[in-house]
Amino acid sequence: MNRLAVELPGLSLKNPVMPASGCFGFGREFAELYDLSLLGSIMIKAVTREPRLGNPVPRVAETPSGMLNAIGLQNPGIDKVEGELNWLAGFHLPIIANVAGYSDEDYCYVAERIAKVPNIGALEINISCPNVKQGGITYGQDPAVAKALTQKIKAVSSKPVYMKLSPNVANIKEMAKAVEEGGADGITMINTLIGMRFDMKKRKPLLANKTGGLSGPAIKPVALKMIYDVYETVKIPIIGMGGIQTAEDVLEFFYAGASAVAIGTENFVNPWICPQIIEELPKVLDQYGFEKMTDAIGVGH
Amino acid sequence: MNRLAVELPGLSLKNPVMPASGCFGFGREFAELYDLSLLGSIMIKAVTREPRLGNPVPRVAETPSGMLNAIGLQNPGIDKVEGELNWLAGFHLPIIANVAGYSDEDYCYVAERIAKVPNIGALEINISCPNVKQGGITYGQDPAVAKALTQKIKAVSSKPVYMKLSPNVANIKEMAKAVEEGGADGITMINTLIGMRFDMKKRKPLLANKTGGLSGPAIKPVALKMIYDVYETVKIPIIGMGGIQTAEDVLEFFYAGASAVAIGTENFVNPWICPQIIEELPKVLDQYGFEKMTDAIGVGH
Amino acid sequence: MQQCQMQIVENMRIARDTYRMSLRANELDLSLFTPGCFINIKIDDSAYLLRRPISLYEIDLAAKLVRIIYKVLGKGTELMSKMAAGEELNILGPLGSGFPIQNDSQSVLLAGGGVGVPPLYELGKRLQERGVTITSVLGFQDADSVYAIKEFETLGQVFVSTIDGSFGQKGTIIDILNKQEIEFDTLYSCGPAGMLKALDEKYQGKKEGYLSFEERMACGIGACYGCMVNTKAGLKRVCKDGPVFALGEVSYE
Amino acid sequence: MQQCQMQIVENMRIARDTYRMSLRANELDLSLFTPGCFINIKIDDSAYLLRRPISLYEIDLAAKLVRIIYKVLGKGTELMSKMAAGEELNILGPLGSGFPIQNDSQSVLLAGGGVGVPPLYELGKRLQERGVTITSVLGFQDADSVYAIKEFETLGQVFVSTIDGSFGQKGTIIDILNKQEIEFDTLYSCGPAGMLKALDEKYQGKKEGYLSFEERMACGIGACYGCMVNTKAGLKRVCKDGPVFALGEVSYE
């Protein structure tokens, strides 16, 4: 028996650990450091219909136990990304494609096309990017809009659809309920909180985009709370993320209700973090008395 | 000229630094450590009509660069608090009374009574406490409800009224606009984000209340961003808070749009933090080229 | 209460996951430190925001040292355990009320469990100076966790229990106290909540006695209302009104 | 690229707010480190989440040491400046592409400004071994900020400028280059963005040359797309595709 295995819609994962979208590019830099087939899956960088240049620099800033980013969905567009996916096929992993857009049509166009790529296991629909002017987060703050988008994407996608929720809402349960009703196969959460820093000398916002998305350990308690709430509200599985740094953190996310986890910012601090956590997970299961990973899902309730 | 002085509705402050509500009790513990008259003001612990026992323990937990609390508004009730205010009168400070409640009537009863206490300079209406079942945060998430409450309190209060906003909303500007329209004289922000931790061995939430309010440096970028937004939306002044640890942080909050600041969690780490920051502020003004504190308000825009 | 940097003079493993640390206290007025009070330690990594409350195991007025014994439970104590002599820790103290010493007490029982053992030692030393007869009953998890027995033996008779029976008598210290007839007029105890409750129920109304409680703390100085304990006189703060409460004072419902 | 703990062998103040640190690199294959590449340093306090990119000032293959020179700008470098010999830092490296060394170049100009001066020194040493004629033009804020002049003098002629004129010539290095006729076929430069732009505009199309850019980074390994620079061939990552770009490559609009 593989103690770490997890079965999710579209995703037969040998372990529940994957890099989070936007924090791993398309894997090329990390493939120089370790064998990507060690991973459960990979959430690739957000893909849009057309290539996107993203925001001006500075795009990143540090905050206490966290960071801000305003990358702005820079990506080479769906055409080029299909090439990257081809390369990733060599690692025999179900890949999760992070889909972004500025209109229903954009989202559906990319979703339909990318779902057809064989090594794509599931789609993650980014309705929560705080760093683009239109689209992105507006979809992530209105339950009715999110539900309608989910339905449209489900209609065109040949692969399971996970909706990525934004924490910048008053009521995360409503959002989760809405995407479940829209037919989502799963939920990924949380995207970044919105935050800001100032350049003290220049007397202006540190990021060129002014505001950015807050990630890293600072947001971990917020992620845990929202996953806890969503787990009690919907029946579809949750892939949890937000500040994970250790194998014990992974287990804490399972307690809250996650069925798998993604690791974002910590890849920047320690590029080997994903395989290291995968290696440590069995020890942590032993330590806290779990036979297998799935036994820990939601035990904190 | 006093470089640190700030004039706000009801509050002639010799400096813009005060302890945040709930992080300083009624000042008795700190009066043993330093002369409270050094402070700009004091935001006293939340006061309700009747005495409140608060939540069961554990009530506090640590998170990366932050903490969770679920005190649950424990306080001795308005009768006893009037006695504490009498004692505080000896320090010749305008005190800010933090008023909490579970209904419009509760809020108005406490607000009307406490506004009459001579050394109260202004009221801070806590519509954002995440740790009580009813009242508290529900008032803080619905603009119409918040506006109506502001109007009612303004009608009975003989002192200026500051509304304390919750960060657990999708749109902080709407909330700020609503309380301004309701007649608020100022805004204090932010209260805590909602968060959670788990006890790994006991397999349950670490706090007896399950969830708690996240404070400390971890939330600083969120506070700065929300203050930045509110500063652009309303004309009434903002008292800013959320993770302040240094005199430079104070200036950063001014850049974002605060006209004064409150220090919460850091009092627990370093009980002398408020007078220390007050002492360092002139040096920080020199370092960044400001003649006086008020010159820095909103310069980051 | 003072805040100061203290230099680590020794940081030694003395049992499984258990360390004794000596801290140089040149800047502190140690006469203010009494047995049962505690210090609040800033972990030397600012992501670990809150201080860690640790009781004083020994106060060495002559050498201007304080000693603590701590168990590695989480990340904060783990980081402490990796510090070397010469490094510094920021501490706040003394905090809390300490054990009241009764003038008329002739014989005392010191009852300690796990990380509750350390504060009883300094207390015992002071009682010994007064000529009081001391019996210690100390409970641990297992043989590997046992520490400070030799030190307590300098104070008087010592009974030890371990949960798994691998050292001393098998069971808890309550089991020892139920079996063994021990003469004492005043009880002092510190240990897990369940143990304190059992002692309180066993001795309240019958003996004089003081129990030292633990609760998760944020400030340690009485400002946050995080560390409440329910007493018959209402809610009290463990850090400021305690950590020591008399037998019969705490209410356990 | 490797990640490892490096021991601090020396951490010395050499100018105002400026420190030279030597790090023991026993576990590293230093042959992979070339002038112009950088290491990413983990500050020993986990609240400071991101690593700090710092160029290599000197690579001492024989002694298995690398040296860096860094300026205290914010809290991270301030914490670094307080570390003592014997303490360890976690580093990731080598990162970035480094300066390409041209086989046919006979004379080079090293143009450094402020914290851009350090990476030019190791480059200069390697060029000197090849018998290349080296002229260095180094710019600083003021006399108190000047460092490493003696070291650069071992490479060849050195011109120094300070903004306030308190040392060397008054002005920027661009002022020096406008006045002074310096013979060179290849330019290597590192310094503030404005200086690099001025050099690029002055020499592109006329000389061979390489400029090392700085940008705020999160990962330093090409994964986050935080550190983009606009080039005539599209957006590139300073950390992975750079930090060194050829004259004329970067687009400044």
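Letters A, B, C and D mark the chains in the order given here, with residues in each chain numbered from 1 onward.
Note that in this section a residue touches a chain if its C-beta (ideal position, glycine included) is under 8 Å from a C-beta of that chain, and two chains touch if they have at least 3 such contacts.
Please read all numbers here as calculations on a predicted model, not as lab measurements.
*Asks:* Can you list every chain in contact with both chain A and chain C?
*Replies:* Common contact partners of chain A and chain C, which must touch each of the two, are B, D.
*Asks:* Which chain's centre, taken as the mean of its Cα atoms, is farthest from the centre of chain B?
*Replies:* Farthest by centroid: D.
*Asks:* For chain B and chain C, let me know how many angstrom lie between their CA-based centres, rounded off.
*Replies:* 36
*Asks:* At what distance in angstrom does the C-alpha mean of chain D lie from that of chain C?
*Replies:* 54
*Asks:* Measure off the straight-line distance from the CA centroid of chain A to the CA centroid of chain B, and report it in whole Å.
*Replies:* Measuring from centre to centre gives 34 Å for this pair.
*Asks:* So which stretches of chain C touch two or more other chains?
*Replies:* Each of 46-48 in chain C touches at least two other chains.
*Asks:* For chain A, give me the residues that contact two or more of the other chains.
*Replies:* Each of 63-66, 216-217 in chain A touches at least two other chains.
*Asks:* Specify the contact topology among the chains shown, as one of line, ring, star, complete or other.
*Replies:* Shape = complete; every chain linked to every other.
*Asks:* Looking at the complex, which residues from chain A come into contact with chain D?
*Replies:* It is residues 22-25, 28-30, 32-33, 45, 53-54, 57-67, 69, 71, 74, 216-217, 265, 267-272 of chain A that touch chain D.
*Asks:* Could you pull out which chain C residues touch chain B in their complex?
*Replies:* Residue positions touching the partner: 1, 3, 42, 46-51, 92, 215-229, 235, 240.
*Asks:* Report the residues of chain B in contact with chain A in the complex, numbered from low to high.
*Replies:* Residue list for chain B touching chain A: 63-66, 68, 141, 168-171, 193-198, 200-201, 203-205, 210-211, 214, 216-222, 224-225, 228, 243, 248, 251-252, 255-256, 288, 299-300.
*Asks:* Using the touch rule from the top, collect the residues of chain C that touch chain D in their complex.
*Replies:* For this pair, the touching residues of chain C are 44-48.
*Asks:* Quick one: which bits of chain B touch chain D in the complex? Just the residue numbers, please.
*Replies:* Residues 64-65, 217 of chain B touch chain D in their complex.
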